[in-house]
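Note that the chains are named A, B and C in the order they appear, and that numbering of residues resets to 1 at the start of each chain.
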Amino acid sequence: MIKELSVKTHSHSELVNITGLVQEAVSESKVTEGVCIVFVPHTTAGVTINENADPDVKSDILMKLDKLVDWNDRDYRHDEGNSAGHIKATMTGFSQSVIIQNGQLQLGTWQHIYFAEFDGPRSRRVKVKII
Amino acid sequence: MIKELSVKTHSHSELVNITGLVQEAVSESKVTEGVCIVFVPHTTAGVTINENADPDVKSDILMKLDKLVDWNDRDYRHDEGNSAGHIKATMTGFSQSVIIQNGQLQLGTWQHIYFAEFDGPRSRRVKVKII
Amino acid sequence: MIKELSVKTHSHSELVNITGLVQEAVSESKVTEGVCIVFVPHTTAGVTINENADPDVKSDILMKLDKLVDWNDRDYRHDEGNSAGHIKATMTGFSQSVIIQNGQLQLGTWQHIYFAEFDGPRSRRVKVKII
């Protein structure tokens, strides 16, 4: 079974907490022991895991990635102008694999799953597969 | 079943589209629903997903990684001189997990799978496992 | 079955070889064909794969990540002061998927699995799931 989630982003760069939606997909599947694959089918967005307690962590991650992969490098040749988004997506990754036990995602205490928008705002999709 | 692919690279840094080879391995396996793990068994090469439409995206990714992880940092101590390749491989990752439905890789419209060479040219291998 | 490993780190940044512990978990599981998911349940540590032969590769990876994601960027807002650790963890990744055949991790000749500490020293955990 594949569950497809919709994610609406509102900024150029944004980390959207999708932990609740992913856990919902796990619960619906009735799978109690396994692995959940969260896959982003885009090329200027990815998925990561990080801290949820302090929202400054999210903005620090986005700020630093922006400094490292600046938007306006004069050596970019891709004429859509969003090469930085493509590069950040490759650096962040397109999937996360999270272990399931007793029907629950086995995330650490401070971990949440984030959709990583690098060329928004857009309407995006996430595929969730439970095995 | 594990399928082993051979990839010949021709440049020092190169993204080689292996989507067709991976889909062939999926088709041969006769698995219609599952997950495909693409694993690179090297330490100066990885595997990523990105856009196939405009080849400038590939060259922009390689150009920016080269600027970030320059080849000649005088602080490198590894005497084979290819530390940059090792670092880029860790930043890109050694595996991709792609969902399979109806016997097809569930990639997004613009997504293709790329072998990421960071210390070529070389003869490389890729392992594909379907579960 | 999930096996939980304990990892003690001794430096602020450190790559700890956990290949032996992960192979032990695979052997205990008696699974001969499958995939091993190594998952780090922290937000300032990750897991990667890289070379074991020359220890300078490890220190070069850590050195370069430290230069890219400096510890004291005055634009960081997270008041625990460890934003660099969070960012490096996202760049490195929180899981690795390694294929199992004949009960053995199918790593390449030079590949080992490393717990990547980015805000140590600490007592850390790693979850290993075999499917």
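To be clear about the criterion, a contact is a pair of C-beta atoms (placed from the backbone, for glycine too) under 8 Å apart; a residue touches a chain by one contact, two chains touch by 3 or more.
Small disclaimer: the values here were computed from a predicted structure and weren't measured.
Peer 1: Draw the chains as dots and join the ones that touch; what shape do you get: line, ring, star, complete or other?
Peer 2: complete
Peer 1: Specify, for the interface formed by the sequence copies chain A and chain C, whether it is same or different in terms of residue numbers shared by both sides, with half as the dividing line.
Peer 2: different
Peer 1: Could you please state the distance in Å, as a whole number, between where the Cα atoms of chain A are centred and where those of chain C are centred?
Peer 2: From the centre of chain A to the centre of chain C is 20 Å.
Peer 1: Mind pulling the residue numbers of chain C that touch at least two other chains?
Peer 2: Correct list: 68, 91, 93, 97, 131.
Peer 1: In their complex, what parts of chain B are in touch with chain C?
Peer 2: Going through chain B, the ones touching chain C are 2, 37, 39-43, 68-69, 73, 75-80, 83-84, 86-87, 89-91, 93-95, 97, 125, 127, 129, 131.
Peer 1: Hey, which residues of chain A end up touching chain C in the complex?
Peer 2: 34-35, 48-51, 54, 56-57, 59-61, 63-65, 67-68, 91-93, 96-99, 101, 106-111, 131
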